[in-house]
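Both complexes below contain chain A, partnered by chain B and then by chain C.
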Partner chain A sequence: MRDKLYKWIPWVVLFIVLIIYPHVAGIYYTNFFVRFAIYALFAVSLNLLLGYMGVLSFGHAMFFGTGAYMTAIVLTHIEGFPLLPAVLVGGVTGGVLALILSPLLVRVSGTAFAMLTLAFGQLIFVAALKFREVTGGEDGVGGYPIPPLSIPGIISIDMKDQVSFYYFAVVVVAICLYILWYYTKTPFGSLIVGIRDNAMRVSYLGFKLSHTKAINLIVSGVFAGIAGAIFALFQNLVSTIGVLDIGNCFLPLLMAYIGGIGSFFGPIVGSAVLHVLEFLVIRFTERIGLVNGVIFIVVVLFAPMGLVGLLRMVKERWFTRSANQMSTGTSS
Partner chain B sequence: MNILETKGLYHDFSGLEVLFNINFQVEEGERHAVIGPNGAGKTTLFNVITGTYTPRRGKVFFKNKEITGAKPHRLARIGMGRSFQITSTFSRLTTFQNLRMGILSKRGIRFNLFRKLDKMKTITNETDEVLKRINLDGERDIPASLLSYGKHRSLEVSLAMSTDPELVMLDEPTAGMSKDETHTAVELIRRLTEGKTMVIIEHDMDVIFSLADRITVLHLGEILAVGTPNEIRENQAVKDAYLGEMEEE
Partner chain C sequence: MSPTAVLYVSQAIHGLAYGMLLFLVASGLTMIFGMMGILNIAHASFYMLSAYFCYQVLQMTGNFWLGLLIAPVVAGICGILAERFLLRTVHKQGHLAELLLTVGIMVIILETVKLFWGTESLVVKIPEHLDGLLNFAGLSYPIYRLFIIGLSSFILGVMALILYKTRLGKIVRAAVSDADMVNALGINTPLVFMLVFGMGTWLAGVAGVAAGPLLTVFPGMADQIGMDAFVVVVVGGFGSLIGAFVVALFLGELNAYGIQFIPRLAPILMFAFMAIVLAFKPMGLFGERE
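Take a look at the complex of A and B:
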């Protein structure tokens, strides 16, 4: 009982911190946190493929980007479109795109998967650039109305207010992260890890590989799309450079690798590290990519399981050392 | 009754013929060994039957239903299990997690997204029972890749059995084992395949003669002889092609 209580304490603390954060930190840092949260969700959705299923996606921005675009387009063209459905539209778009691509993507793994996702990602990037009538080309889609969060007749919260939007974004991201965490703990989640370790054996045990991989791909696409939708609501501007470009493909990859692909929370840590880093580096230089790249190389060389993996290792060593000390202490 | 039967099976790799008119039969409940020199086509025969490859010509029947070219997962679901010559477990998962994968399949839990696996007590208990039965309960939480060779091979065979198949195909389960390990493995196989049909590829003649009810000898992609262990031991053609060579060694 007591153990259970202790387990809840960090979460309660986190909850309280998240509530008072915007009132203490001010608008700049509040928006800073929203960006971090959006990319944390994006990176975790990517890690379903990278860390859990063991395939490297070089085009994950296509799910994020199409989700963002669709939300923006829907809000532009349909007057009075409500907030939550706008978020769902983003998720559905990401999921549908994953569904469309899945017949091809589930057939390949390794380098072929990376190249195929890169190709599709770039294809969609260029298509969005050229399909000016709908996507606005290089200018993108912007200035669409941000609907309030309303339950008819009861409450209506203005989402143009940045603090309100902070709460909305944090709640949506938290719910999504919880769903994804739960997903990895289900029997189906364990199957995905089995595919990473030995896909052939999974099929010889009676599981249909293609369907299993496709579902994971779609789940990953849906949540990347939701991240994109929140991004669209947050920025009130969606343009190809920013949501669909190659930089946005690599950013969540860097986050996942730096935080650690072997853990569910790794990409969240990665998002936090890269955002703080960007915040610090931007005062001295605009070449953030250069700094990110160096950090990436250092992590890959010295902590291949990422920061969370490094932390685990240190913790284990610490425990074994203190256990050893205790045993020698008692014996002497 | 034949549980497994192939009719006029041919297979080649880019023109190199590996299987040549194979009419292979396994009766229900028997322990059937497939032997033959290296390159005789034993593993290819396994691969063609279990869905790794589709045969170029010929048909495969399982429980009187045609299964030619059926995918591995489909065969697993209708009761065929197999193990591999080169150990093929989930190396980063623990022994427990490895076997749990098979138990999930056996129970038909494939797309469950609404319950936590750790909370599914029946699955956990059943997996722990299996671990005890195969004497790997002491290695429950060790990643498969860190198991000793003998135990890793035991896990390999147990994984094939974990889905509770009617017919299990074991591809050299004792390959590379010491004499002691082989002895333990043979006992394990005997115990696990009790009341089931088994097809086994082996090189160790002691294992074959102690385990098998019937033997099929493959040579250069063709069936050279079929019979009981004694019949095979006395068969002149087999002696010339295979056993003689083994005895000289």
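Take a look at the complex of A and C:
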């Protein structure tokens, strides 16, 4: 009973902190947190492939970007399009894109997978630049109306208010993260990890490798698309540089790696670290990319499991030492 | 010649020039991949770095030939240093870590270039005796592009001689097909890896210098050719030089005629071509393994 209580305390604290945060921190930091939350979801969706399935998606911005674009386009062209469906449109777009690409992507792994995702990401980037009528080219799509969150006849919350949008974004991201967390704990989630560790054995056990991989790919695409949709609602502007460019492919990768790809919460930690870091570094130099690159190399070289991995290692070392004191021999 | 024929022929030479440049970049990439299993995302960054070095040499001495000589060598040394001190340390962690490391190197090169040379396009002047047009059978064509074709063919020839006629070439080819076995035979494969990495980046550097006067030098110059080189390596088959050659020339022509006739779809054509090839031959046209 007490154990359960302890387990709940951090979550309750987190919940309360999240509720009072915008009122304490002010608008600037509220928006800062929304950005963090969007990228946390984006990075977790990437980690679904990188950490759980063991393939590097180097063009993950295409799911994020198409989700953002589709939400923006739908809001521009359909008058009075409601808020939640707009978010769903982003997710569906990301998922459909993943579905279209999956026949090619599931056939390869390792470097070839990274290559293919990179190539398709660039293809979509170029396509978005060229098809000016739909995407607005380099200018992007902007100035579309942000619909209020409304249940007809009962309530209507204006989403142009930044504090309300904060609550909305945080709730959506939290729900998505919970779904993803639950997803990784299901037997299907274990199957994905199994594919990473020994694909052949999973295949011999009678599971269809290609279908399993495709489903995971689609799930990842859907949630990256949702992150993109929230981004589109948040910024009220979607342009190729910013959602589809190679930097946006690199960012979630960096987050996942800094936080640790071996854990579900790693990318969230990574997103937080990177945003705080950017906030600090931008005061001294404009070369945030250089700082990010150096950090990335240092992490890959010295802490391949990221911050969460580092923390685990330290914890394990202390834990085993105390275990050794109690009973020598059996622990290792 | 009739105007249409002139158009077709000059587009073909355009395509050939770009295809040869592309092959210089892609050959290093495919050799590094075939041998070490590393997909060097930063490969095109060395191409860009070399173009900037050449610009710097030109600023200091005003001699293009000196730039052509020095810049690729410096870029190659940068490549060797990156291999020796960064890539080799993560080699035991597997290919994913190596791939990610090259991503980091790419970002750092890009940002360093921006830091030192700014973000605007820098113009590299075509050297005097290569400037101008060559008139031949009613067709006038810029000499510089012909020079690029000649230079690339020369390097290609030398490379083929080294690869197929020397002991070092034999070792390299053997290491491409099975590095562990070569290592077991008592050859210092890490050294061979380092040399090949250096040579690959040197090739990219030569291409960068050659491309400088043609396309101007700017921080985004790595993106275009980098993407094209990746497509060449994927479609040609990982580690296959012949495949890289054929596909690079084909893509060069596809690009040239694509821009001529369907300018909006030209970049997409290339990816469509890749998707079609991969759908039927996942290993690429000339590839033997993944």
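Note that the second predicted complex is superposed on the first by the 320 of 332 C-alpha atoms of A that agree within 3 Å, B and C clash if a C-alpha of one lies under 4 Å from a C-alpha of the other, contacts with A are read in each partner's own complex, and residues count from 1 in each chain.
By our rule, a contact is a pair of C-beta atoms (placed from the backbone, for glycine too) under 8 Å apart; a residue touches a chain by one contact, two chains touch by 3 or more.
Note that the structure is predicted; figures quoted are calculated from it, not measured.
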Touching A:Phe207, do we find chain B (first), chain C (second), both, or neither? first
Touching partner for A:Val17 - first (chain B), second (chain C), both, neither: neither
Taking the superposition as given, does A:Asp197 touch the first partner, chain B, the second, chain C, both, or neither? first
According to the stated criteria, A:Asn292 is in contact with first (chain B), second (chain C), both, or neither; which is it? second
Give one of first, second, both or neither to describe whether A:Leu84 is in contact with chain B, with chain C, with both, or with none. neither
Of the two partners chain B and chain C, more of chain A gets touched by chain C
Dual-contact residues of chain A, meaning touching chain B and chain C, are none
Show me the residue ranges of chain B that touch chain A in the complex, using the header's touch definition. 50, 71-73, 76-77, 81-82, 88-93, 97, 100-102, 104-105, 109-118, 120, 123, 159-160, 162-163
Which positions of chain C touch chain A when the two form their complex? 33, 37-39, 41, 86, 89-90, 93, 95-97, 99-101, 103-105, 107-108, 110-112, 114-115, 223, 227, 230-231, 233-234, 238, 264-265, 267-268, 271, 274-275, 278-279, 282, 290
So in the complex, the part of chain A that touches chain C is made up of which residues? 54, 56, 58, 103-104, 107-108, 110-112, 114-116, 118-120, 122-123, 126-127, 130-131, 246, 250, 253, 257, 287, 289-290, 292-294, 296-297, 300-301, 304
List of chain A residues in touch with chain B within their complex: 182-183, 185-191, 193-194, 196-198, 200-209, 211-212, 215
